[in-house]
Structure formats: structure tokens, C-alpha cells
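Have a look at the structure below before the remarks.
Note that the chains are named A, B, C, D, E, F and G in the order they appear, and that numbering of residues resets to 1 at the start of each chain.
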Amino acid sequence: MDSAVEKLPILFLCILLYIIVLAIPSVRKNGLRSKLSPLIPIGAFLFFLLGFDGNKQTAVLWSHDLLPTQLSFTIDGLGRLFALLITGIGSLIFIYANGYMKGAKYTQRLQSFLLLFMLAMLGVVLSDDLIMLFIFWELTSVSSFFLIGFKNEDEASRKSALQAISITGLGGLVMLGGFIILGEIAGTYAISEMHNPETIATITSHAWFTPMLIFILLGAFTKSAQFPFHFWLPGAMKAPTPVSAYLHSATMVKAGVYLLARFSPILGDTPVWTIALISFGGVTMIYAAFQALFRTDMKSILAYTTVSALGIMVFLLGMQSSDAIAAVSLFILVHALYKAAFFMLAGTIDHETGTRDISKLSGLKTAMMPLFVIGILAAWSNGGVPPSVGFLGKDLIYESTLAYPGLNYLLTGVSVGTNIMLFAAGLLVGWMPFRGKKISHKNLQLPAPSLWVPAAVLAVLGMLFGLFPSLINDSLINPVANSISGQPEDIHLKLWHGLNTVLYLSLLTMGLGFLTYLVIRPGAGMLGFIESAERFGPRRILHGISHGFIGLSDWITKILQNGKLRIYLLVILGFLVLILGYVVLAETTFTIDIDMLTNITIYEVIIVGILFISVFLTLFSGSRLAAVAAMGVVGYTLCIIFVFYSAPDLAMTQFTIDTLTVILFVLVLYRLPRFIRLDFSPRHILDGLVAIAVGALMTIISLEVLQRMPEREISDYYALNAYVLAKGKNVVNVILVDFRGADTMIEIVVLSIAAIGVYSLLKLRLRKNEKME
Amino acid sequence: MEILLAITIGLLYAAGIFLILRRSMVRLIIGLILLGNGANLLIFLLGRISKGKPPIIPEDSKVFLDAYADPIPQALILTAIVISFGLQAYAIILVKRAYRVVKTDDIEEMITTDEI
Amino acid sequence: MNTIILKTASKYLLPLLLLFSIFVLLRGHYLPGGGFVGGLIAAIAFVLHAFANGLPHTQRLMRIHPGFLMPFGLAISAVSGMFPMLLNQPFMTGVWKKDPVPVIGSLGSALFFDIGVYLVVIGASLTILFTISETR
Amino acid sequence: MIAHVVIWPILLPLVSAIVLMFFWNQSKVQRYITVAGHGISLLASFWLALRTYSGDIITLNSGSWPAPYGIVFVADALSGTLVLLASLAAFCVSLFSVVSIGTGRASFGFFPILQFLLMGLNGSFLAGDIFNLYVWFEVIIISSFVLITLGSERAQLEGAIKYVTMNLLASIIFLTGIAILYGLLGSLNLADLSVKIAQSDDKGLINTAAILLLVGFGIKSAIFPMYFWLPASYHTPPAAVSAIFGGLLTKVGVYALIRVFSLLFIDDPFIRSTFIVLAVSSMIIGAMGALVQQNIRKIFSFLIISHIGFMIAGLGMFSTLAVIGMVFYLFHDIIVKTNAFMISGLIFKLRGSFRLENLGGLYNRYPYLSIMFALAMFSLVGTPPLSGFWPKLFLLKASFNELNWWIIGGIIAASFLTLIAVIKIWLSVFWRKHPNYVEAKKRIVWYDLPKIQKFTILLPIAILTVVSLYIGLNAAKIVEICQLIAEQITQPSLYIDAVLSNPENQP
Amino acid sequence: MRSLFLMNILLTLVWAALTGKFDYGNFIFGFIISYAVLWIITRGTERAKYFSRVPKILIFIGFFVKELIKANIQVAYDVITPTNHMKPAIVGIPLDAETELEITLLANFITLTPGTLSMDVSDDKKTIYVHAMYVEDKQDFIDSIKNGFERKLLDILR
Amino acid sequence: MTDFWIVLLSSAGALFILLAAIGILRMPDFYMRVSVTTKAATLGVGLILVASAFAFKNFSVTSRVLAILVFILLTAPVGAHMIGRAAYFIGVNLWSKTKMDDLKDKYDKKSHKLK
Amino acid sequence: MSINDYLYLIILPILSISVFLVFVRFIIGPGISDRVVALDLLITIGIGIMAIYAIVSDKASFLDIAMIFALIAFLGTIAFSYYLEKRRRDD
């Protein structure tokens, strides 16, 4: 019987089909196709909700001997939670988007990219094969590139899209390197096959383990916006809000977290892992939370809190303890719920009021009561105030930091600090716009239900799960924890743990958080402060590096591609001299056996002497005509050499062609200017040295070759058969027209082309509209 | 004689290279032609040289009766010569045309296509 | 060029040289010569004629543009190379007439091939030289 | 049985070219003949390629002279595939040029020379004799000289001076290498040379020949530091010409390196490490060049250099995996680069410029075209699962097995820089608003074209995009072919036996 | 027509001479080739009488050889001895020769004789300009040419 | 007997050629160099060619020698005339002791027509 | 002394010396027309050398080269004359 996992391709195909349906042009702005689009994520959500329990299912659907990859899916607790988040929040986002984009251009385009993104995300969390995972991973980068740059005529959007794809693209490529090393070390690219202890031991003890791990972590960190790569995410807020809500709360940014969670049982039990995750996660969470406090744009605040939350997740995954695993398992869910709600809230406010600046918003409570409730609930959950599900999460975080051997104070301090600031930031978004007097925004009404109901659902769920943790304890969270730790975990989520340190810490967090909120006064001044602080931040540094690199590229390119033929040739010839010289010096013998050589006669000396003088005349003559004539003489002397050494055919041809070349030259020359007369300069020395080096190498090599016995097998065959089989006595000609006739055939083609070329060069005059084609 | 020819080859290569490194297009072409001559002579020499034994079967015989020069290098050089003729003719005309259009014989003034 | 001495001489030289070129072409299989040199000599003959009498005169004499000798020659060579394929033999295989022909010797596809070479060489050389002569 | 099939991809373009020369001035007739000719050649090539996929190495002894005495034409799976791809690219380019090349160029030999160029390419792929390969190279370079200067624009001529000089230098160096090989071993047949080199103990001298061939082919394939001619010239001729150049010309150099070195010299560690150093430098330097260019065609030109590095890296490693990656990349690159240059030509038709600062607004104006462009571009980058991804995967695997950090780093860095370069094009050409739209509108040629011509110009781009998609999505099939090729390439004895023990060889 | 035919025969003979084979096949072949060549090149050849000139030609050759040797010795002497005795001049000589062939032959014989060099013929074909190395007196020199080469040559040709 | 003719003819030929070579070096102006070389060298080469005809005593060689002789006799004076004329155009100076120059100012500067 | 020795030891050296002398003229010029004449003479002497060489090596085919030489010498002279008549005055 087919297990549910084997039906995944059908699901993927359906989504793909609908993407194509959406991509086909439509006359109407908000057609039926876009109205029906929420059905796809809803259907998928139901598929994952009902089709699977938390037990692991793996299926190889297609494989090929020669490809390192196979089409295989695995679904376990971790995968299922993510799939549910992706499709569940996706469903709400699609409903929300239908409302948000009403009347806007390119709705279908947006939805098709969103669906593509959902497809990619599902692929990431369900693939069992490393390469497949990578394929979907890149697809998320690409589709998010299109989504972030959705308002493509806006310069800032383009910049953010470029930033996002640069960072995630680089991370992805590096990660691919890591994947391949991992796959090759493990001997398999199937993640599910790496779980047995021997394979894990092989992997972790391999010499390339550390670089491999660093590569994979780079992929995960860039995607999940860890410090110092975090800044692309706040930048990505240029996208339409449904996109931000989807990409940056629930899903894409968590792909990195997913990846870490997925590899945690395989790679987690190593020092590099622990150190890297705890330190980068820790820095990210506190740094981003701090940044969030100084923003005025709601989406910007949310973006930074998201970065911080991702930092928390990475941080927890680094600790590897049961509590930490339980914490992260829960926090993934918690964060998705309230953050998506927040984003939709921010989007709706923006949509209705035209601004997201919290320093300009106030008193929205009266007009938008449901939104206010959503804000409160989300902030509640965000702040970890009981009885929200957020409280459960925060509890577990503190428990795990407190239990961490050696660094418990530091880690706990960092966590508390982060949470204090996050608490305040939550209030900035969920509370601040609603409090106070209604000032600027007249005629505000409650927006259409599609703009607030989806957020409400999430906010309510956040509260519901907090009140009734058993709803998710066994069905969702525990299986996730099992996946992350690689062994059965036993999690009991409960609101009340008694009066202990954790509770005091929670209370401290809430108190100080509220205090912070009261102190914070968002506005231009604070923004200015944080912007100037940013000057030394990683964004500036990475920008500096990238600009530096572009500058370097520019410099190198201008140095190398400098337009001067002489330099090009010098580089090529210099390279030839170096490498050929090395081979000649290292591997040849420099012996000459005089006996093997023929005698020199005075005539030959004269001929060669004339040749030498002519060559020098071509080199140094100031007159072009004299140079050309001397070149002709060089040809003639060669021709005489051919005559002496038994090559009459060659002599005839060389002689005629040499003359024709000289004539051509002469015909051309009288239209050209005289030689540029230049005084002797150092460049002559360099050129001369290279020239002499090449010449000397050729002399040495030819003398060396002449020491070897000649091979005459093929010549003898020709000599034997020229008359008998090919019916000719001039063997050279027989070679030309018969033995190697194909060469000759091609050669006359060359000649014809050259003639056409000459004709066209001189005769063709383009009309104006033909100049560039 | 081989030594002399080997030195000649070296000289032809060196001169050709020195000339293609000049700024004048005419010298450039002459350099290429000298290089071509050098390569032809190299083929000729490395195919081994022998005096007075053209590879032509005597009139009254079906095969060679005594030693003969290796005909293959000769055939190769013939092919190479004719090809070079085509290429050189083209190159010479190119120079002419380039001079007409760019108005200079100086290669170092032809750098626009390399600019970013 | 404006000299009757050269003009008169070229009138007699042209047929002489053309004949010589064909001679060189035909005996190439036995003695030094062949399509290349033959073609080049023929081309030189026309070039000399053009030097003496001016290009238009020589071109009128030739009736067709020398460039068209190239496709002709190529076609002859290609056909003589492909003809054996009709007899289910590889490209360029020599096909010979049984009995030898006077002067030329054995008549075979190789000869036609060489004639093609001859024509292409004439066509190409003349195209190049004539074009350059008539262009300012 | 005589394998005439080997020679048809050479003869058909020749015949077409001859026919086209007879119709010298009739550019209209030429357009029909040229498409028909390329179509027929494509069919013949397809037939040949299919024949080679059975695993046979098909040989043809021209003139019935047995190897190594005569010139032999050899089609193994690599040659077969390359012939097929060359014919495909040429077919597409001829379709593209039917509309895009004006009467001026068409009545001065453009179409016959395009045929000659294809003949030269196919000949090079099928040559089994090193001197014959040289002669084919000459066909290619002279055709390319003519095509690149056809029109005699200033930029064309300036670029051509460099292009011509360096290519002629490469030919001379190549010839020098041949001279040494013949002088040492008395043979020109590649298979025979392979046998003789294996028996020879003159490694030093053989290596000098290897170095000369490396530099000769290296110039032609635009490897660092021998690439300078390429960015100086490839952006100067009409787009159709750039397309065929960008797709195929440097690849012939790569093919020659693969063929000659796999048969003759690859066992030498010095040669192999040289390849690797050159490969990694090419990847990086080329990509850095692409990063800073402002002309679309120059960006693609520098990307050619960078991506040649991938293939050379494969040659340097020369394991089965590496060869699979290398030839796969070769196939992918032919399709994608041809397409990229045709697309740049189309962009020029639409907007009248190749320079980024003058372009923009294509995404909103032509969304579906844009998607096609995007697909082509992401294939170029190697975004999975498009065609460029798979070969990189194999190359990465191979470099891990070699434990070669340099190649891994090079591939990753070059891929990333390629991504950025392509994104740069995308952002300014497609996403950005057209900076001076009104002014540009006057120059747009596209609107003047009748529908059938628009179709003719889009069709080749669509064909190549689909082929590229097919390669990417049906990678398994391609890898099977590449595996076959890798077996044939890494075991020279297969080639040698096929050439030297051909039953036709016994007269 | 007749001159064409003669020309054809002549070329056929040349052909046979070149190939060195005198059998029927070769003559026929040579005839065909010459015919083809003539067909290509013939444009307005004038007719001429070919007979009764052989003795005159022989006499002329004798004269020419005599002049050749005489002049050669004179020049040789000057070349070898250190002092120069030359009295060069460019002299315009009025022509009696009229046709192009006559003028050309005359000019060529003048050139072939050492010490004299035909520089050019005026466009009206009335004067030939000769550079000579030994001109004592202009009129004497003109007379020697007109009475020597020109008269004897025109005898043969007319 | 044959050998005698060969020696005689080739020696005479070689001497004439040597004469031409010395002449071209020694003569004071261009026109006289041409005057000297054309004839002496033609004569010398012709003699050597005849010598080779004697050496081979073979009809085909003899006819070839004749063909070459005819060709040389036809072309050598034409060539000399052409280069002499061209040199005059470009103003190659006559020897200072030249007695007269009837050609002076007879050429039309542009069209090169000769009065 | 055989006839071949005579040709080899007497005639060829004389011709070689002649070649050398003419080559000196080729080098020193002074004008381009002098060089052309020298070149023409060089090739003409080449014909003589070919003829002698044909006798010495008993290969009549060298006479064919002589024919080509004669043709080329003429062509070269004519071409240079043509050039000299047409070119600008400044070379």
C-alpha cells in the first residue's frame, strides 16, 4: 500500500500546475484564478494535518545509478511541523493577500511566486536527499528574490532583492560544497541513512569534518539571518506585506533553523557545532533585539525581532540539551504564530493608514478594535506572558540556559536581556499604535475580514495552545524534539512549574520589558542614533568588503584588459616561456651528436647569412618598404633551402606565395602611414628578452628532437604505395591530393573564405540601419 | 647544417615575436609572417633534411630505388603555406581597412573595445 | 600602367603563362607542380595582364568575376571527393579510369580534385588581388 | 559497412556553402537555403549522435587509406554530441540571423561563411588526426575573422586586430607543437601518437609539445592568462555572430584540449597541475571581470572565460566524475552561452543598446519574454535544477575526491560571482524602469517587424531555452551519455582500438 | 581567322614542347587546350604574314648577337676598370615603327643591348626615350639606332 | 664534347653574371645599374640554361630550357623598362655627369602622360 | 676533375659571390628602385643556380623551379614599378 509520503509528488505537481495556471496571462486584475488560489495551501495543509502522524516515513521515489541524487522524501515530526506551518500560515497568507492586493496590479504574479515559494519550502523540509534539499533551497532563494523585488521599479526593492540573493546565494553555494563533502564522507546523500552511529562516527572523525560543518553552517546562518549576515532580512521588508509575513516570519528564514535541526542528530554532538551555534545565536539574538528597539517602522521592528528570534533558535540548537531541544521545538511554532500575526497586523495598518511609522500612529484602537485585540494577543505571546504559549517557550529557554554547564550565568543573562528587549518591541508593535488619541487618520474603518481574520486566527491559536498545551504536546512538539535529538524525548508542556528560578526570571523579564517600553520613545532621534551606530555594524563591513571586492575586480580587470595588444602578447608569451622553459630545463639533456648532422657548405652559409641579414633588416629598418622587401628575401632564402634539401614543390609554392604576399603588402602599403619612429626604450629590452627566450627555446628543442632516430613508417608506406595504389610519382602531390586529400579540401575552403573576407572587408559598406545587428 | 637551421628557426621565432610586439600594424603582420616561416622551417627540419633526394619516384620505377626525403613534412608545409597565405592576405587587408577607419597604424591607440 | 611596351608584352605573356599553368597542374602527380602552383601561375598571369592593361580590361576578358571560380572549384573538388561515396566507398577514395590517358597519365578522381584546387586558387588569389587593386 | 554518417556533418555545410556562394548576391534566396542547409545538417548530426550513443566509436578512413596512414574521421560519443550541439546552435543562430542580419552583410558572404564555420566546427570535433585538426582550426579562425569584421565598423576592426593576432599566434604555436610531435614520433594520427607516446621514454620532449599545444589551445579556449582577445572582440560583431562565437568557438579549444590531452599527455602530473592552476585562475579572474562590465555582451564574454575554467578543472582532475562534470558543463555551456548572446541581441532589438545604463523596463513590458530570459540566465548561473547545476555537482564531487580545495573554492566563488553578474543584468535591464524610454523608442526596430519575423527571432531563443531546460530536468539521461563519454575519454585504448583496428583498415 | 589558326598551331607546338611528348594524342590535347586558352584571351588580334621571314629573322639574330657582344665588352671594361668612361644621357629618338608590336620589339632589343635602356615611349608613339651609357654625340647615337635595330626589325615585320 | 660545351657555356654564363653583380655594385646611378644588369645577367643565365640543356640531352629538358629562355628574353627587357620608368617618375636622380635628359619635363605630373 | 666538380667548385662559388655582391646592393639601396633591381637580379641569378644545381644533382625538375623564378622576378619587378608609380612620395 502506498504510504502518504509517496503521494507527495502528486501534491507538488498540483501546486506546480496551479502556478502555471496563475502565470498564464489574465485580462482581469483579480480573476477567479487568484480568488481560488488559497485552496491550494488549504488543501495541502489538510493533507499534512490528516495524512501524517508524527512517525517517520521515508520513500525513495526515483533514483538513478549515475546521479548522486535521488527523488526521496522523508516526513517526521520536524518535517511535519514545518509543512503544517508552511501550508497553514500559507493558507492564511493567501486569504490575506487576496484582500491586501485587491485592485492592485500583478496579483496573479505575486501569487504564483508565493506558491512557487511555498512549493520550494515544502521541498526543503521534506527532502531526504541532500541534493534535492539544496535544489529546493535555491528555489526558495530565487523565488524570494522575485518576491522581495516585487515592486521592481522601486530602487530600494531592487537593492534589497540583490542583497538578499547575494547573501543567501553565497551561503547556498558554500552549503552545497558542505553537502557534497558530507555526502562523500558519509557515502550517501540520503539524510535518513546518516543517522546510524557508525556513519556519524565516520563523519565526525573525518579530516574534512570541520570545514564541511562550517560550510553547512554558513548556509544555514545566511538563510536564517544570523549575525553578521542578518541585515538582508530587514532590508527585505521592501516586499509587499503578505510576502514579508510569509517569508520572514514563518518560513524561509526558518529554513536555516530547519537545516540545523535536521542535522543536529548527525553533526550536533561536536564542539564546533556547539561553539558556533551558541556564540552566533547568542550574539544575533541580543544584537538584533537591541536594534529592534530603535526602529520606528513596524515592519522593521518585526524584522529585527525575527532576527533575534532566529538567534534564539540557533542558540538553543547549539546547546543540545533536552530542555533546549524541547524549547526550540516549541519556539518554532510559537514564533510562527505570533510573528505572522504581527506582520499581517502591520500590513493591514499600513494598508489602511498609509504608514507603518509607530511614531506617527496612535489611537487606532477605536476604529480597529479587532486589530487591537490581535495586537495584544500577539504581544502577549511574544512577551511570554502566561498563559500564552509564549510563556511555555520562554520557560524552557531559561531552564536550558540555567542548566548549561559552565556558562550558565552568561547564557541566562543574554537570554533574559534579549527577552526583555523583545518584550518591549512586542509592545511597540502590538500596543503602541492603538493607544492614545486618534489624531491624524480620519475616516478609518474596520478593514475587510480577509485583512484581519487570518491574523486573528493565529493570535487566538497562540493563546489556545498556551492554555491547552496538550493539544500540541504529543501531536506536534514531542515528535519534533525526537527528530532534533535523534532519540525519543519526553516532553511535558505545562504552564505551572512552581515557584522556581525560572519563574522569577520570567517575572523579571516582563517587568523590565515593560519598563523598557515605557522608556523607549521611538522617533527620528533614536533612528539616527542606531543608524550611526550601524556605521560600524556588519552591514557596513560586508558592504565595504563587497565594494572593496568590486573595486579590486575593477582594478584587476583594467590592469589585465588594458587594451594594449603588446601587453597581452607579452603575458601570453611570458607564460609560454616560463612553463616551456621549465620543462626544457628540467627534462631535456642538451647534448648534440654531431655525427647525426649533415655537413655545412659555404653556399648554405651564404644563404643563411643572407637570411640573417634580411631578418635584421626587417627588424630594424625604418622604411616599411625595405622591411617588406627584406621579408620577401627571407622567404626566398627559405625557398633556396627547400631546393637544397629536396623539396622542389615546396620551393615553387613558397616562392610564388611569398611574392604574392609581398605584392599584396606593397599594394596596401602606399595607403598606410610611415613607421612610427620611436627612440630606443626599455620596452625594447623586455620585448627582446622574451623574443630571444622563445627563439632560444625553439632552437634548443629542435636540436634535441634531431638527436632522436626519425620514425619513417608512414612515409615509407606512402613511398611504397604512391605509384602502386595512388598512381602518382610525385609523392608530395600524391599526399596532397590523395593520402591526405582531406587536408587539401579544407585548405581550399580556407583560401576561399579568406578571399571572401578580403572582398567583404574592402567592398562592404553598411547602410546606417545595418550598423549594429 | 642542422645546427645552422635550428639557429635560423630560433632567429625567425625571435624576430617574429619582437615584431608582433611593436606598435605598428605593418610590423605586426610582418612578424606573423616571419613566425609562420619559422614554423614551416621547423616542420621541415624536424622531419629531417636530406640533400638532393626529392621524393619523386624515378621515371622508370614504381618505387624508390634509394633514399628519399620525407614527403610528409613537405606536404604539411605546403598546406600550411597556402593557409597562411589566405590568413596573411586577410590580415594585410584588415590592417588597411583598420587604418582607413581608425585613422592610425598605431595599435596602442586601439583600446576602445577593451574599456569597460 | 600607361606603357605600350608592357601592354604588348602582356598580350603574349597571358596565353603563354596560362598554358604553362595548365601544364604545371596536369603533371603535378608525376613531377613538381600541381593545382596550387598551377593556380598561382594562372593567377599571376592575369595579375600581370591587369597591371599592364588595367583591371577593367582584364575583368572583361575573364567574363565572370574571379570569385565565382571558387564555388566552381570547390564544387569540383567536393564532387570528386564525394563521388566515391556513390560507389559505397569512403569519402575521397581514389577512383581511377582503367587505361592511362596521354600526357596526364592515369585519369582519376585525384586529377579532378586537383583541378578544383587549381580553380579555387585562381579564384581566391584573383579575388584578393583584384579587390585590393580596385579599392582606394 | 562504411560509416558515411561520420562525414555528412562536414559535407552538408560544405555543400550548402557552395550553393550559397553561387547565389552570392541574392540575400533573400540565401536566407532560405541557409536555414534549410543548417536544418539538414542538424538532422545528420542528430543521426550521428544517436549512432555514437550505442557506445561504438565510429571511424571513417578518408580516401580508404587505413589509419594511421590516411586521415581518419572519428566519432565517439563526445564528438557526436558536440557535433549535434554545434549543428543545433548553428541552426538556431541561422534562424536568428535570417531576421537580424541585414541585406548588407547577407550579400557579402555572411551565410556561406556561417556554413563554413559550422563545417569547421564539425570537422574539428570529428578529426582523428592532429594536423587535420590544425587545418580545421584554420577554417574556424578564418571564418570567425571574416564574421567578426563583416561590416567593418570601427569597434569590429579594433577588436579584430587583437582577435586575429592572438589567434594567428595560437595557430603558429599549435603548428610548432605538431612539428615537434612529428619530428619525434613520425606520425600525425592521434591514436597512433597515443600508442607511440606510451612507448616512448622521451617524456621531456613530449612535454614540450604538450606545453605548446596547451598554450595554443589555451589561447583559443581563452583560458587565463591567454584570454585577452575575447573580451576585446566578442561584443563587437552582430549579435548572431557573437552568439555562435560565444557558444562554440572557445569550446572547440576546450574540445581540442580534451581530445588531444586525454589521448596523449594527461598522465603527466605537471600538465595536470598546470591545468588546475589555470582553471581556478580563469574561474575567478573571468568572473571578476564580468562583475564590473557595463555592456551585456562583455559580461557574457567574461563569463565565458570564467566558465571555461570549470571545464579545464575537470580536465586537470581527469577522474571519471570530473570528466562527466566537464563534458556536461561543456554541453550546457554551448547551449546557454549561444542563447545568452542571442538574448542580448534581442534586447538590442528591443531597446537599441547593449549597455546597462541605457536599458530597462523589459520585465513589465514583456513579462513572458522575461521569464524565458530568466530561465536562460538561471541556467547560466547553474541554479538547480537547471542545466548548469549538474555539471558543477559532479565537478565538486570530483574535487572532493581529489581533496582539492582550490577547485571547490573556485567553483563556489565563480558561481557566486556569476550569479551577481547575471542579477546585475536582470536588475538594470528587466526590473529597472527604462531610463530614457521616450528617446529610445525612436530607435526600436522591434515594432517595425512583421509578426512572422518576430516569431523567427524568438523561436531559436525558445528552442535553446527548452533544450537547456531539458538538459537540466532530464539530467539523468545526459549523465548517462556523459558517463559513456567519460569511459571513452579515460580509457584511450577504446579510441585507439577503434581507429587502428578498424576492419576497413585491412586493405 | 588565319592568324588565329596560326597562333593556335604555334601554341600547340609550344604545348608539345613543354610536355616533351610528340604523339597524336598530345597534339590533339594541346590543340584543345590552346584553343580554350585563345578563346579566353583573344581580343582583336591583327593578321600577319608569317612566311618568307625566316631568313630575315636569322640575319637579325646575327646582328643582335654581334651588338650584344660588342656592347657587353664595352660595359665589362668599364665595370671592371676603376675609372668610369661613361657618358650617359637620355635621348629621345623619333620612331618610324608604328604598331605596338614593332615598337615593343624595338624597345626590348634596345634594352637587351648592354648600355642602353628604353625608358618610355611617348603617348603619340612618335618618340622613344632611351637611356644610353655611351653617347658621344646625340645625332650619331640616334642614327645608330635608327639604321641598326629599327631598320632591320621593320624589314622583318613589314 | 658535351662536357666541353657545358664548361664553356657555364663558365661564360657565370662570368657574365659576375659582371652584372659587379656592375650593379659599381655603377654610379640607378639607370646605369639597370642597363648593366639586365643584359649581362640575362645573357649569363641564358648561357647556363643552354649548358643544362646540353647536360641532360633530353628533348623534354631542352624544350623546357627553350621555354624558359623565351620567357626570360621576353620579360627581362620589359621589367627593366618598367622599373627604369618608375624610378624616373619618383625622381631617382641621374648621375651628375649625365650629358642630357630629353625626358625632362615631358611627363604630365598627374596623369603620367608622356608628350 | 669531373664536370660536376667543376660546376660545384668553380661555377657555384662564382654565382655565390655574385649573389653576395648583389645582396650588398640590396642592403645599401639607396633607393627602393635599387633594391627592386637587386632583388630582380638575385632571382635571376637564382635561375642560374637552379640550372647548375639541376645538372649537379641530375634532377631536371629543378628547371621547373627556374621557370617559376623567372616568372616571379618579372612579376615582382612589375608590381614594384606599379607601386612606385602609384604611391605617395613620402616613403
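Just so we're on the same page, contacts are C-beta pairs under 8 Å (C-beta built on N, C-alpha and C of every residue); 3 or more make two chains touch, one makes a residue touch a chain.
Predicted model, so just to flag it, every value in this text is computed and none were measured.
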From chain B, the most remote chain by mean C-alpha position: A
Chain pair, E-F or A-G, that carries the greater number of C-beta contacts: E-F
CA centroid of chain C to CA centroid of chain G, Å: 27
Distance from chain C to chain B - Cα centre to Cα centre, in angstrom: 24
Whole-Å gap between the CA centroids of chain C and chain F: 30
Computed distance of Cα centres, chain G from chain D, in Å: 49
Chain D, residues touching no fewer than two other chains: 14, 17, 21, 62-63, 131, 135, 138, 142, 145-146, 149, 152-153, 161-162, 165, 169, 176, 180, 183-184, 188, 231-232, 292-293
Chain E: positions in contact with at least two other chains: 14, 18-19, 21, 107-108, 118, 120-121, 123
Chain G residues counted as touching two or more neighbouring chains: 19, 32, 36, 59, 61, 64-65, 67-68, 71-72, 74-75, 78-82, 85
Chain pairs in mutual contact under the definition given at the outset: A-B, A-C, A-D, A-G, B-C, B-D, B-G, C-D, C-E, C-F, C-G, E-F, F-G
Interfacial residue positions of chain B with respect to chain C in the complex: 54, 56, 78, 82, 86, 89, 93, 96
Residue numbers on chain F that touch chain G, as the complex places them: 3, 6-7, 10-11, 13-15, 17-18, 20-22, 24-25, 30, 33-34, 37, 41-42, 44-45, 48-49, 51-52, 55-56, 58, 60-61, 64-65, 67-68, 71-72, 75-76, 78-80, 82-83, 85-87, 89-90, 92, 112
In the complex with chain B, residue positions of chain A that touch it: 554, 557-558, 561-566, 569-570, 573, 592, 596-601, 604-605, 608, 611-612, 615-616, 618-619, 624, 627-628, 631, 634-635, 638, 641-642, 644-650, 653-654, 657, 660-661, 664-665, 668-669, 671-673, 675-676, 678, 687-688, 690-692, 694-699, 702-703, 705-706, 710, 712, 714-715, 718-720, 722-724, 729-732, 735-736, 739-740, 743-744, 747, 750-751, 753-755, 757-758, 761-762
Contacting residues of chain A [partner chain C, same complex]: 648-649, 652-653, 656-657, 660, 663-664, 667-668, 671, 725-730, 732-734, 736-738, 741-742, 744-745, 748-749, 751-752, 754-756, 758-759, 762-763
Chain D residues touching chain C - in the complex, by the definition given at the top: 2, 4, 7, 11, 14-15, 17-18, 21-22, 24, 60-64, 504
